[in-house]
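Shared chain: chain A. Partners: chain B in the first complex, chain C in the second.
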Partner chain A sequence: MPLLNVLLFARARELAEASSTTLTLPDDPPASVADARAELLTRFPQLSGVLQTSIFALNKTYVKRDDERVAIVRAGDELAVVPPISGG
Partner chain B sequence: MSRASTWTPALEIERDARAVERYARHLVLPRGAALQRALCAARVLVVGCGGLGCPVATYLSANGVGTIALCDADDVELSNLHRQVGHATSKVGTSKSASLRERCLGLNDGIEIIEHRLFVNQMNANEMVDGFDLVCDCSDNPRTRYVLSDACARRGVPLVSAACVGFEGQLTVLCGTRCWDDERREFGAFTPAPCYRCLFPTPPAAGDAGTCGASGVLGVLPGIVGTFQALEAIKVLSGIGETLRGKMVYFDSLSASPTMTLNMREERDPRCACCSVEKFDQKTYDYDAFLSSTPCPIKFVKTTSINGVDLSAPPAHGPGESLDEELQKHSAWKRLSTGDFQSRSSSTGALIVDVRSKRLFDAAHLRGSVNIPIEMLDEGEWRSVVAEADANVDTVLFVCAGGNNSQRASAWFANSSLRGFRDVFDMRGGLAAWRRDVDPSFPKLG
Partner chain C sequence: MPSPPPPRIRVRILTEPIDERESIEFVRSPLAGAISTFIGTARNTYHGVDVLELAYECYEPMALEVLDAVARETCARYAGDGDERRVTVDGRGGMGVVAMDIAHRVGTVGVTETSVVVSCAASHRKDACDAVAEAMELLKARAPIWKKEILDVVDETSGTRVGVWKANGLGEHFGRDG
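So, the complex of A and B:
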């Protein structure tokens, strides 16, 4: 069961009231970033809006929305959830 | 007695000892003369003269960027000064772009500063960015960010985009790059890069946008991120070092390792609605529809649509009267002027409910008002906040910062089972209008 470290930023951090969290995901078949997204939403339903607009970066590399199903998550990986911010 | 020059300068821009002396610490750097020639030749547009615009414009001025255009239609406000260090206290109430221009020319009188006392919008964006070698996005709202990026992507102008809110900031290079060719003494060819839409194809929902007015910002943060942004502009223009093209720096003030660099996409998104379509007509593009395409995650809004009026839609242009007309047709509640609100609120049985965030409420609120932040508003929350006083309340008065969320709250309440026989009102223009009409000492918090 891979443990995925999730880093939450900006509005996601505010709504989840946490700057990081750990997700346990199945390894057979191996979990993808799309599974992590779904699990995150189950854990934090209040993130429904902000997850739609956020960048997902797996081990500091951007995952294209189309690639979320094929981007496999391994134990110890780190997923950053980066919402757009607008202030200046 | 005429004095012939006895020396050859590194800079051709100005046969002036002052320029060589002013930039002396640049000129002795490795590749410093080429760097300085790039900066002196560069034309940079700075959009927004606030927290980011101040450090960007002051550093680029001091560093000798030849022409800088400053763009902002706002006036300096007292609540800006804790972070917008380009503006003096004496400038409160005067134009931001003029104030910052004066500050920049004070730092360097050998450059040109153009002042645009206006906001970038979809009608003027193309003309605004044309002719610049680089644009710095120092704006404070999603609409301007998309409009500016769309224009830069289409017109082929590099965009250094920074943003910050709360304790966090982000910085990246978008749309493309074009750097100085010192042999030819001109800026070289444009190489496209992803635009803001390629990274963020889905706009934030209203309330999730992360703006400083609503969420606050640590004063020093835009100073750091904006200075970082100026550095990035210098790197892109001069071609020194490694830029943030295809990368994003995320800055987390509260962390002991505050910067994180993310690898972003390198290529434009082939499905991007702006940079990958053959025709994109910015002037007719429906930004309102695009920016309201992400539903508002506010709890009560999910079920609240009154006769086809979608309450989750964000107001078209900030605080205003956008929802007013359609909702009023159904007269589920009444809107009051500030004066009428004041007299209604003084009667016994009147309850003022302030739907701003708790932090704004705690900063200053109307005497006797209670706070239920709009995203918390539901029947359970109402009962727990209003508690035993509830039975004696015959008049409910909603108030917010600018008069939009108070309408949403009124619409929700007037259609909920809590209403009973109560009169429901909200205050037109919110606390901004209260400050204007009733009590000028009420602090401006936005």
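So, the complex of A and C:
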């Protein structure tokens, strides 16, 4: 059962009232970023709006929305919720 | 013909005010005939509403990696061939970009204060100017940094100032084309 560290930023952090959390996901078959997205939504229903416009970064690399089902998460991985960015 | 040295690169996330002059001095080089610097500053208005200050946050370890990649990619794109014997009339060439510095501030940034600085030194001016502009575009499209505008409006329910999270609208990873 991979224990996944999840970081929350900006609007997602505010709505969850947490800057990080951990998710426990099944490992057979191995869980994907898409599974993490679904689990996050169950844990934090208030994120449903912001998650629609967010992508994830897995171990500091962006995961394209279309690749979430094939991006496998492993124990100890760091997953970040990335709402629309606004640096500059 | 000498080949250009690897570019000197520095990227930083800072909670303290950014020293623009120090950024310029960091990229200054005997190989460079031009230094271009972009300074992003906090504006006081949002759709006609007064903005009191900006609040930035970032995913620092990833932001530093992204800024480093942005700098390296931009420097590679504007690298020269090392030939300074040719008379350049187009403001490019020679060693190309020889140094780049990117600094982004996080935390509270007051109106008029600097939120981001990109400095670039190059043999010739157009490479310096274009590299700075391109690095800023890539930063805005890729860096996991978020800006909230704190407005001069009080929410009646909570009694606190209203804040609005911004979106650059050009994030290549967000599937938008703004």
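Note that in this section the second predicted complex is superposed on the first by the 84 of 88 C-alpha atoms of A that agree within 3 Å, B and C clash if a C-alpha of one lies under 4 Å from a C-alpha of the other, contacts with A are read in each partner's own complex, and residues count from 1 in each chain.
Keep in mind that, in the parts below, a contact is a pair of C-beta atoms (placed from the backbone, for glycine too) under 8 Å apart; a residue touches a chain by one contact, two chains touch by 3 or more.
Quantities reported herein were computed from a predicted structural model and do not represent experimental measurements.
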{"item": "Fit or clash between chain C and chain B when superposed on chain A", "value": "clash"}
{"item": "Contacts of A:Lys64 with chain B and chain C, given as first, second, both or neither", "value": "both"}
{"item": "First (chain B), second (chain C), both or neither touched by A:Ala80", "value": "both"}
{"item": "Which of chain B and chain C A:Gly49 touches, first, second, both or neither", "value": "first"}
{"item": "Chain A: partner with more touched residues, chain B or chain C", "value": "B"}
{"item": "Partner chain(s) touched by A:Pro26 [first = chain B, second = chain C, both, neither]", "value": "neither"}
{"item": "Touching partner for A:Phe9 - first (chain B), second (chain C), both, neither", "value": "both"}
{"item": "Where chain B runs into chain C (options 258-266, 312-320, 402-410 or 420-428)", "value": "258-266"}
{"item": "Residues of chain A at both interfaces, chain B in one complex, chain C in the other", "value": "9-11, 13, 53, 55, 57, 60, 62, 64-65, 80, 82-88"}
{"item": "Parts of chain B lying in touch with chain A, wherever the complex brings them together", "value": "48, 50-53, 137-142, 145, 162-166, 168-170, 199-205, 208-213, 215, 217, 222, 248, 250, 252, 260-265, 269, 294-297"}
{"item": "Complex interface listing, chain C residues touching chain A", "value": "40, 56-59, 61-63, 65, 104, 115-116, 136, 139-148, 165-169, 171, 173-175"}
{"item": "Residues of chain A that touch chain B when the two form their complex", "value": "9-11, 13-14, 46, 48-50, 52-53, 55, 57, 60-62, 64-65, 80, 82-88"}
{"item": "Complex contacts: residues of chain A adjacent to chain C", "value": "7, 9-11, 13, 53, 55, 57, 60, 62, 64-65, 80, 82-88"}
